[in-house]
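Shared between the two complexes below is subunit A, which pairs with subunit B and subunit C, respectively.
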Partner chain A sequence: MTDVIVIGAGLAGLSASIRAAQAGRRVTLLTFGLGGLQLGQGTIDVLGYTTSGETGAGGSGPGPDRPVARPFDQLPGYVRAHRDHPYAHFSVDQVREAVDWLAGLTPDLLVPGDGANHVVPTALGAMRPTYLVQPSMVWPDPTSVAVVGPRQIKDFYPDLAAANLEKTAQVRTKGYHIDLPARPGEVDSSPVAYASSLDDPAFLKRFAELVAQAIGDEQAVCLPAILGLRRTDAWRQLSEILGRPVVETLLAPPSIPGMRLNEALTTQAKAAGVRVVLGSQVTGFESDGRVITAVTLRQAGRDQNFPASQIIYAPGGFESGALTMDSYGHVHETLFDLPLVGAEQKDLLTGDYWADQKLFTVGVGVDDSMRPVSADKQPVYQNLRVAGGLLPGAIRWTEKSGDAIAVTSALAAVDAVFATSAPQGGTN
Partner chain B sequence: MKKLVTDVVVIGGGTTGIGVLRDCAMRGHRTILLDRADLAQGTSGRFHGLLNSGGRYVVSDPESARECASENAIVSRIQPNAVERTGGLFVVTPADDPAFGDKFLAGAALADMPVQEIDPAQALAREPRLNHGIKRAFLVEDGTVDGWQIAWSATASAKQYGGQALPYHKVTQVHHSNGQVTGVAATDLKTGEEVMIDCSFVLNCAGPWAGQITRMAGLPPVAVVPGRGIMIAMNHRLVNTVINRCIPPSDGDIIVPAHTVCIIGTTDHKVDDPDHLVVPREEVQQMFDSGEELIPGFRQARALHAWAGARPLIKDDRVAATDTRHMSRGMAVIDHSQRDDLKGLITIGGGKLTTYRLMAEHIVDAMEEQLGQSHPCRTGDEVCPGNEPGHNYLVTHRLKDREADRMTSPIICECELMNRSMLVDLLKQNPLDNFDDLRRQLRVGMGPCQGGFCSSRVAGVACEEGVIDATRSTGLLKLFLEHRWIGLWPILHDAQVRQAALDEWILHGTLDIGHVPSPTSVERDPVDDAPIDETGPTTMEELPPGARAPQPATTTRRRTRAPRSQAANTPKETK
Partner chain C sequence: MFEPASYESNLLARASLDQCVKCTICETQCPVLAVTPLFSGPKFVGPQAERYRHGLVVDHSLDYCSSCGTCTLVCPQGVKIAELNSVARAAMKKGHTPLRDQIISRTSFMGKAMKPVAPLANAVLHNSAARWAMEKTLGIHRKAAMPTAHSHSFSDWWKKHTPPSAPTRGKVVYFHGCAGEFFEVETSIMTVEVLEHLGFEVITPTQGCCGLPMQSNGLFDAARKHVRTLADQLGVEPDAPIVASASSCVTMLKHEAHDIMGVDDESLIKVGSRIREVSEFLLDLADHDDLPLDFSPIEMTAPYHAPCQLKGQGMGRPAVELLKLIPGLTVVDAEATCCGIAGTYGVKKEKYDIGQAVGRPLFDKVREINPDFAICDTETCRWQIATATGATVVHPIWFLHKAYGLG
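On to the complex of A and B.
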């Protein structure tokens, strides 16, 4: 017997599962894949940029796409300017508490927030704003940086990153290479192979020696974000050997920092009693018109109905296929066919690559308890709540806001479940 | 200013111009070809890739079919590596009139075009995805051809005979005095240098742009009526045989398997400006519907990319249909000595890729006649360099190559199996290439991810090899992504929407590409419709390597597009 079914194992699904389990509910987490965290950057975004020339609350003045220094200070103004934004469902305190809750869950992996955004270097040489970072990503404000990586990794090019960081971080930089495949003989080593190898102290030592030989007297060292998977202190050891701060630089997926976060949260979920069912695709559902009574689970080629009491639906957005547009240009939510907000707008897509595409703001409209609602604002199903990437009104990759939207909406959904139903008690 | 002296200048680096360059050079004329963009970047690189058996013309124009049938064999022989011998089928779908098949057979007999009617069940066994309701099927010798490969290997052949091709050279004027052409002025767009070429003959092979060239000679304009057609590449080879609908030529009646994809085409709409070809969503719908007729479920297949090409049609009423002697079918030759009393200039319009060699032969014949010369044409006799005689293209070639070298060079583009050494070799050969130039040769960025993963690697490798500095490399990366998007947004649906969102997460969400500095001069024309895919000159002029000290600026995102009138005034920093 399950009190809460959570669908989706990204940040929203994991957060909802942990929260509900910690509150004593019996939770089953159904997921087809491994969740979206491993495709992201492995930090927690709240708001990195404000867009479209709206005036920020901090008097930052109008202008497109301004970096945000203190996200919670700017949220009220940003939400006033974007009434349809997912954050409009929440108070600033709610967002802050959700983010702090998450940081508290994984104290070794996320540096507690102090209200200010961090900036993290990326493989293209941007200094990307984000709120909670992993300890290996804290920018030490150096005046000079060595950017160094192994030749055998194909998503990190020290010369390109260094030259661009010189402008974006306003530091003296230089790119260096080391020659060390993750496994002997490889010319094409994946970040996962490196991270696993760096879990091995002997490989880490060899890696550090080569870096030390390669670089000059720079104050800090930027390395690709491959510094250990199971052990999370590889960066500290490297830093000690090199005698200066080491900073992880964000790479295209698979994301090692994202995998660390996923691992930590999945471990927490299991420790809290969540039953995690991998490889299970939810393909359909049964309903009496008012509530969803069961979801259909496809596992090992067989469909079975899974009775549902409360459902938190956190499958992600267009990137996961939960939202899609068909060849006629109609946008759908693919499991429950939920009503969408924004799908009827004109010109959902335009030919300007740099413009925000309206398509990606389309999503499932909800009330403040995260229940999907129809056009007349009535809940579609009494026991269905959504969280994370399904919510409309934000292009998360542009404004750097997806993580806090996910966590806050997940907690709001769980809290709304508590408000309407008591635990069923009994034992599993 | 650079000065060059030659006999003949060919304007236009499409397959027609390149065929002419090769033919001129082989007949002993000193010849220079100019194009304002890359070779075969216009119409020759924007078609569906059909090497025509003649089947598409047998009913309407058997003579044209005869030419296609014989040129198909010649091109397959002299440029085998550019051609895949897929074979072709003409099928009568349930919606079509079976009686047309009889006209088809009769026309084929008249044109000496090989054709064999087969049982629909045999056709379905060969291509199981075809509409199971097909009523008749005809097997023909269609093939598929890579227009870029044709262009490059013919250029290489021309070079062996002293011919020169100068891409990214924009013609600015055609000089003449006393009724005789004397030279051509051009600008080297990659270096900014002016080039003056003395010559006595100009062959205007600029296709849809031919009218612009005659204007540069100060002549009354030649009426060019570009016909825009759209094509859509699908992610898989849904068929391995060219599939034609056995009906009078119409929109969306052909699916061509080419490389790792298959391409559906096409439409035909008159346009005014061949530089601004849109891919209207309604025409995309038309293609999807037509695809369904041939392959049920076509709409659920993954569409990858769309593009539009301009047919080079010329309608000139100043010239009565006089010079038909030197015309291939579907081709127009305007001799300006008759039309405008200007010797040494011939303008060519129309034509089709399959017969490019034959057209070139006719054009050079026409030139030699005006010059009072007559050298034999030998372009059909010699295999072009770089081609292994008798070995046609197979879609598995690259897989075989990578199996051999995967332990020595990393794969940079997984979709198209391009490795690092292929990229580095080409970069070092052509250090001024932009990423679209590289793409046309290597197919990098043309697969399912459309550059989401591989394009930043190309920027990184170019920088690491010291070929392109970081600032220009970043600018070229952004330009490449802009150009990929032009062909993506009109066809986005289902799986490719998901891919586009993932690419956005990677490039913007993780790597924050919008806030990486790039040259301020990366700016596009303030036009509202989609410009032609991979714009050459307009944008490259603004990215000269080392010609201007680049200033950092960021490319930021706008929530909505500025209206046309304001776009021109938008400060550069906001682009």
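On to the complex of A and C.
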């Protein structure tokens, strides 16, 4: 039987599962489809931009977002200015330890943090701040950069990225194309097809030769983030052949670096003994009013109850359907019908494309042990904890904070379980 | 051509396409798209193309879909991608299904036909000249995995079998499937012996084909007829669990007949809710501390492959958890998407190379973990893995049977 049921296989759910399994708990992870990691960038954000709040200096419209150089230094002040932020539940050390814990899980894939944000180029030529990056993304501070892409790849335009990087990264740039379909005859290869082909040493060599022929004497080379799916050293080999640093440039999803991270963490969870049940939706639960005794999984053919002593709920927010808005404008959490914070704000949605949508600050309010609480701050269920995108108070994609919120809340939820109940002895 | 019956049955699946957010997770996991540009991918031929179909086929690359169901399994939004595509392909091929597809989708017929002449049938299936002729005339690839015919069926054994006199637990209805009747007789016998060892009274009704191979070849009318008949046959003991060693056929009864072909007969729904794949059934006993764990150790490390249709049941990988309980045994989940046979897909002349490429990561894993011995729950996948790697490939029940000292 299971001690802990984790619902959701995004960064929060995988982190919670691994943490609980490491502590000797029997964990069952229930997930309706793959988690969101491969729709992210395969990097770990802590805080990328500080938003100045509701209004800008001039008093109208949102203020400018300022890039953050050292996120942990800025967190205390940021939380003071944003009292309802998920980070308000944690100490700075807690966030830092959670992120370091994650980096330690995947030493081949994430460069350990040193307190400073990295900046990673994107397909549009922006320099995106983030905290943990993959080794293929470390920006070498060059004075000149060649931006190179295969003509056949979808959604990567070297000239566009190069022109913008001139401004955003203050470097001399030039865009170049190479002619190499991921597979013979393909005219619009996907990043996945390229990444799989680059797993093959012969293809990688051909790719490197064409890049070498195309570029000039630039100090570094930006390539689309397709440098190997199953092998993680393709970038290193390309860099050696080209004789200069290679940097993976972030693309629109599906993200190859995100797939690498998803694969690494899922493999870790399974290796740690987590029982993963993929492909069925949790549609209901049983409780005695104070404690949830089982959750109901809608499997092929029938509903199956999964009893557990602890539940960690990490389903994501609106994007995964865990939160919905009905035709009356009311927001609901769809599984446990948990009380929501922020749902009563006026103008949850605005027609201004550039403005933040307040709707996305709506979520499930929790205590510091991640238990959902009612308006009078009482836990709704004693053994239910929430982690990740369901927490209210942050628009993660604007401030680039979702990853560390997910990991820190997942660890807080698991660690709180250990503080409140002793592990059960194995009965099998 | 507009095909009312198919589209009517597909209303629910069609409704789900609005939930597609174009995240492309399905395309990143599709094992066919990963190895060939001939298939445009599950999202492209599915939720994208479906909006334009209105009964007409807009993209014939759909025929390269192997129906493995990985796309539906990994979709975080609940889009019935594989189901949509199965129906669209059936509509596309209706009226011109090749003779080959009509033959290879009738497992029972092949088993019955080969049984009286099993040695001869086996000789033909392993004769390169005969296989060359089969490829030329029928389009069955000359190297494709084929079952081994037997002179004795499971039913022959069952008729002579004396069950234990005093069962200590309740009744279970046993579903062996066509392959378990004619080709994998040993697996069926072992399953019965394990269930009887545990104290169950095993009931084995006369049973036909579930229709899955016909369904995946677009022969919906025949498939519906077969699955309805089977549901009636398996429904003999309304209160007993139905336990099956044919894991892919379980999928047909649990949801595919309903989700893809719109069969909503009460008898099917009831059987679908009561049927358990045998590892699922035994693991459930173990989870309730109701499975004897007096196993003899089996010192072995073996790779395990979860068949697509088993994964599609959305219950995890019960065999992996179950086999962990046997001391000495290390089972390594190969974590491969698909073996490439996909029922009858990988035997077809024009799809064979794709099937082999799909299976290659799995074959490599098998060779790396244990080149001589592998584990898989579904018959056709076992034949595929065995043919490609030369390993002996057994159903998980083989280990239970051995660990309980039954063989």
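Simple rule for what comes next: the second predicted complex is superposed on the first by the 414 of 428 C-alpha atoms of A that agree within 3 Å, B and C clash if a C-alpha of one lies under 4 Å from a C-alpha of the other, contacts with A are read in each partner's own complex, and residues count from 1 in each chain.
Here is the rule we use: a residue touches a chain if its C-beta (ideal position, glycine included) is under 8 Å from a C-beta of that chain, and two chains touch if they have at least 3 such contacts.
Note that the structure is predicted; figures quoted are calculated from it, not measured.
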Partners on subunit A (subunit B, subunit C) - clash or fit: fit
Subunit B versus subunit C as contact partner of A:R183, first or second or both or neither: second
Touching partner for A:P253 - first (subunit B), second (subunit C), both, neither: both
First, second, both or neither for A:Q299, with subunit B first and subunit C second: second
Touched partner set for A:P107, first subunit B, second subunit C, both or neither: neither
Contacts of A:G284 with subunit B and subunit C, given as first, second, both or neither: neither
Centroid geometry (CA): angle subunit B/subunit A/subunit C, rounded to a multiple of 10 degrees: 90
Partner chain in contact with A:G115 - subunit B first, subunit C second, else both or neither: neither
Which of subunit B and subunit C A:S320 touches, first, second, both or neither: both
Partner chain in contact with A:P201 - subunit B first, subunit C second, else both or neither: neither
Comparing the two partners subunit B and subunit C, which touches a greater set of residues in subunit A: B
First (subunit B), second (subunit C), both or neither touched by A:P140: neither
Least C-alpha distance (whole Å) that remains between subunit C and subunit B when both complexes are overlaid: 5
Footprint overlap on subunit A, where subunit B in one structure and subunit C in the other make contact: 39, 185, 253, 319-321
Subunit C residues touching subunit A - in the complex, by the definition given at the top: 21, 23-25, 27-29, 34, 36-37, 72-78, 251, 253-255, 272-273, 275, 286-287, 289, 293, 311-317, 321, 325, 333, 335
Residues on subunit A engaged by subunit B in the complex (per definition of touch): 39-41, 51-52, 64-65, 67, 122-128, 152, 154-160, 162-164, 167-168, 185, 187-188, 250-253, 255, 317-321, 324-329, 349-357, 359-360, 395-398, 400, 402
Complex contacts: residues of subunit A adjacent to subunit C: 1, 32-36, 38-39, 183, 185-186, 190, 192-193, 196, 253-254, 259, 267, 270, 275-281, 297-302, 304, 319-321, 427-428
Subunit B to subunit A touching residues, read off their complex: 281, 285, 288, 299-300, 303, 406-412, 420, 453, 456-457, 459-461, 463-464, 469-471, 473-474, 477, 481-482, 484-486, 489-490, 492-495, 497-498, 500-502, 504-506, 508-517, 529-530, 552, 555-561, 574-575
